[in-house]
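Take a look at the structures below.
In what comes next, chain A is part of two complexes: it sits with chain B in the first one and with chain C in the second one.
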Partner chain A sequence: MTIDPDPAAAPGPHAAPGVRVRDLTVVYRTPLGELPALHGVSLAIEPGTITGLVGESGSGKSTLALSLLNAVQPPGRIAAGQVEIDGLGDVTRLGGEELRRARGRHLGYVFQAAQNSLNPLKTVGKQLLDLGRSHGVADPAALVHDARLLLDRMGLPGARVLDSCQHELSGGMRQRVGIMFALVLNAHLVILDEPTTALDMITQAAILRIIREIHKERGLTTLIVTHDIGVAAEVTDRLAVMYGGRVVEHGPTTEVLGDPGHPYTQGLIRAIPRLSGDIDAARALPGRPPTLGTVPVDGCVFRERCPRRMDVCETGEPPVAWLGDRTVACHAAGAAPREKEHA
Partner chain B sequence: MISGTGVTKTYRQRGAMLGARDVQALRGIDFTVPRGGAVSFIGESGCGKTTLGRIVAGLETYDSGDIVIDGTSMAPLHPRRRRRHFRRVQLVHQDPYSALNPTRTVHQTLLAPLALRARHTGRSRAWAAGRAEELLALVGIDPGYVLGRYPHQLSGGMRQRVVIARALTVDPEMLVADESVSMIDVSMRLSVLSLLKDLRERLGVSVLFITHDIATARYIGGGSELYVLYRGQVVERGPTEDVIAGPVHPYTQSLLSAIPVLHGMEVPGPERVVPTEALDAAVEDTGCLFAARCPFRTELCTAERPELTGDAHRHACVHPHRRAVIPREAA
Partner chain C sequence: MTPPTTPTRPGSRTRAVTRRLAGHLARGLAMIWVVTTISFVIIRNIPGDPVRGQYETLIERGMSPDQAERATAALYGFLPTGSLWDQYTGYLAALAHLDLGQSLSTPGTEVTTLIGSAASWTVLPVLGGTLLSFLLGVTLGVYAGIRRSGRLGDLLSISGSLLHGVPQYVIGLLMLAIFTTLWPIFPAGGPVDVEFTPGLNAGYLASLIHHATLPVLTYALASYGGWVLAMKSSVATVLGDDFILAAELRGMSRGVVFRYVARNAILPLFTILALSLGMLFGGAIFIERIFNYPGLGLLLVNSIGARDYALMGGTFLVTTVAIIIANIAADLLYAVIDPRVRTAS
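Right after this comes the complex of A and B.
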């Protein structure tokens, strides 16, 4: 684990920044009025860690990731709360030119389906020079040099890739190009949105290995947004599990997986098809994840599918309980001894 | 029973500058799916698994070999006469969001094929309507809830059940499920898999399961067989649990090693295999197709292409060796 134990380490431009999300609420305008995709989310991302943000469709994980860049697009908007990033301050207050400069320089974002985020008409090299120009890079030659080194580092023929258009690159190569773009301006907070979706298993394993190695070598704070618990389990130090616009559990990955505290995490883990062990132990969660329109207004968002539902779950938003190094937002957490299923 | 022998398929790609280039999607595939049985084909994109599924469902032609459906050989039949037999095989698509017509209610979607059948068999429309409800109940959804609804009002899991119900309207012998759960939320994936298992047990429908996610192949029910495809060739096949627990082909081992380890619950297998990446797909067609990426290759491997050998658990490798690659439960 790469958690920096020294909180006094100065968060300069070239140190891994920490992130503190406080009471963040993001709403989307719909015919039914403004509905919250994120509801009072608080999350601390420690500098130097790889944090996984996992959840099913509609859980709010992508909205949360976009909020870190203050890039929630209309009809969505940040309605309340702060996102404080070391070296940048509260990004929800940034705008215009300031925000544009922060993205790329401080915050690198690797888009979901990097397949489609490249310009099909321009070579990778030309797009790199565009990036350099828009960020006022004084020495384009050095930028190209850095990009080449990064690509080489990821096992690609750097010079050739820079001269290629996207259709000449395979999915795994494009994903690496996406990572290069996120890092080439020396950003130290990197957000990867579904970095391995649509990649083959063996390519996925290679990309995950690269993410971990680059994270360590460059001293980054990395956030991986994924629906695939396996992906998160393989590379992350810490895991935040999202459901219905809330973070329901957050803590060290091995603890969250080894001894899940929230009934949703427990159910989700039990629903994963596994390579070994008893087939009959795996079970789907009944019901379906809520959508914007079906998230209950009061009480616990998970109660419809929860095996440990109580009266209090109908009305009260679950309090956040600390279990050691971990937070669990559940009325039942800590109240009863949790069953240990994967001893 | 549905079986295939020596099925091949070559796609001819016409390049503007480089001239024609042949892509061998399938290089002679043998398979057998017994009645009520299940066979899974696993492999990466481009291995030919989807092509095979489409051929077995009668949606794609094949170049040579034969497919036998319930004792009838397709090879000598005129393509138009094959159609009746291929109807016994129904395809369940990967994407339940695009497989259903968005302008039709579930009721309309199911009634169209059923009404046609009612007409051919001299049954009433009431039979068709009743059958639609039966089929929905069979796939585990409340007909009262979904019949009047449009696809966009349903979750991915429910849509996939509707697609399966539609496939069942023609009383198929076999369902071809091509990546049928990959677009469904993780928490509900198993429920669709157990539906397939259920249909096998209750209706005797057999399942051809096509996936890149090997772990899901364990959940389509007992007695299933696993086939590992690499570049159009079966490189290993056997009872699903045997192949997963004790793979002998380095490609199967690479695939299994690539599956993420759930740290905290599992520890990695001690002998994980990491192949060379196929960034530049070198077209090396002599010898073993996997040799270029194989960490255990020797000169023997490029001399001759290995054939599938063995009894229940077969492999096509010159240097077969069991390796412990899958994760184990953490202590």
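Right after this comes the complex of A and C.
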């Protein structure tokens, strides 16, 4: 069974696109003025990889993911920077019909609340036809065929699901329908925002396996936003750790998790309880993550909770340092030997 | 390989609708019985009895009780005798044959005839006004909901709130003052000019429309505000739903997204529409009074003034039945347009 549709039906980039985010600043309008949710973020996503975006709630993960579609919702807006995607150019400059056509066709997005990502009044099949019509798909029958194959592939009875409304499907089924919608137009950059958050462990494992398989099969570039380090460890090739609207560490997953360079990453990993071993071995990070209003203006955003705080952290934005294959934004990184955590 | 979209379980859906309908009819009949009984008791207990009054007048004029009784019976075509219970069972028995009895205030006329002619005069302005304000209110409400921060959107919301707050009769009196006195382009009252013979001729129809314009406009203006506000808030709610953002992130065209918003937003309004169409048979008392329009509302007011039991009971009954039917219709309609309700039963 092949899933790739007729290449002529899907113009545009076919190879996995690379993404280069440069100095991206996204601000939200609040009663206190415009506050940055992303502060000069730069991130290169390698073509063909599965990149994980991890961090606590409010760290800017979803805002960054939405920026890749130039879909930051008001009262937020992209204030500065570029998001360059192979085959599309700088998406922050796209607008109107051009942007709309890029979404769905080139950029597949699996919604954070994919449980509720369907029109409750229409069957999945009818919404699929709406999608086809919106993107000028010449052969709706072929589109339905592809959708059914994708659903079958994900272990769902495709024909029946297409004929169902949202309320007739379980949470796991809806999530897979959401993934189908992101893939059915053959998008090659797929962004999944918390794809497994609301699901039980078994369904979660099944969905992660499917994501990985389809990623490989279709040759995609995939970005998975999650707050769950376990999920990130399981499926991603590379990992970007976010804190206070910045990417603080980015590199191969095995390195970032095995030998974390940033004190925040170290704290995150230490906070994970293990199945074997003492629950007390898991130590939560002291303090709270900053909110839009409490992000410090100068200096390192993490210093309030950092065990390796130095004087320079008060004033200087940490420089981005290369540690082998990865980047770490910390004054202390490389300066002092990193403590290793053995669970 | 199965075809992409096979309709599922058509039989079970039809069965579900039938079962639903049967349940509604049973509940509806029970409701009609309750309302009939209550209105029977209330009507018989309000002070002032026209038959008794007539009878006593005749005795005062020197008739013997026997003569007076016979004369009264001849005038009204019947004489209420027997206990309240006997009258009640008799009333119910007649009702079962759709016999609402004779009017007391217009002796010799069947209540059904009076209600029938009044109903046709009510349906025209109230139905016309309701549909007009619904269409107008919903359309403008969608706009006000989508452009919440725009100037026109604000203007629409404000106009909605203002009109919603003004009572029907104030609007009616204003219309009357403006369009029949200050700028007399519409007739002040009555349903139609008497010189035309009723029927499908141009003169009669034109006169009909000419007379209906002010009542229809009044009704439409009085209910327009409610529709605008309801639709606006419904649209605002749907716009915040996840599936609308999801549709946009999938690159659905503006037309598709608009239809998703509109169809989901209008859903709760259909119930209100069906119910207000049921209420329509209660007539619009103020409007019919102001424009001297011989509809059900005016009939009810007059029947109460004349202590016409039969007519009062009949008018209540018609209103009740209409509202019950509207309820059933709203429920069935909802099942057609909302798949969630369909499967839930």
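List of remarks:
The definition used in the following text is that the second predicted complex is superposed on the first by the 326 of 343 C-alpha atoms of A that agree within 3 Å, B and C clash if a C-alpha of one lies under 4 Å from a C-alpha of the other, contacts with A are read in each partner's own complex, and residues count from 1 in each chain.
Criterion: contacts are C-beta pairs under 8 Å (C-beta built on N, C-alpha and C of every residue); 3 or more make two chains touch, one makes a residue touch a chain.
Just so it is clear, the structure is predicted and the values come from calculations on it, not from any experiment.
Touch criterion not met for A:294: it reaches neither chain B nor chain C.
Of the two partner chains, neither chain B nor chain C is touched by A:186. When the two structures are aligned on the shared chain, A:200 is found in touch with chain B, with no touch to chain C. Touch criterion met: A:233 reaches chain B, while chain C stays clear of it. Of the two partner chains, neither chain B nor chain C is touched by A:30. Of the two partner chains placed by the overlay, only chain C lies in contact with A:165; chain B stays clear of it. For the contact definition in use here, the chain B contact set and the chain C contact set of chain A share no residue.
Against chain A, the residues of chain C that register as touching in their complex are 2-8, 241-243, 245-254, 256, 260, 263-264, 267, 337-340, 343.
For chain B in complex with chain A, the residues that touch the partner chain are 44-45, 155-158, 185-191, 193-194, 212-216, 218-219, 244-245, 254-266, 274-275, 277, 279, 326-330.
Touching chain C in their complex are the following residues of chain A: 69, 71, 73, 100-105, 109, 111, 113-114, 116-123, 125, 130-131, 133-135, 141, 144-145, 148, 159-160, 162-165, 167-168, 178, 181-182. The part of chain A that touches chain B in the complex is made up of residues 56-57, 155-156, 170, 172-173, 200-206, 208, 227-231, 233-234, 253-259, 267-269, 271-277, 279, 282-285, 288-289, 342.
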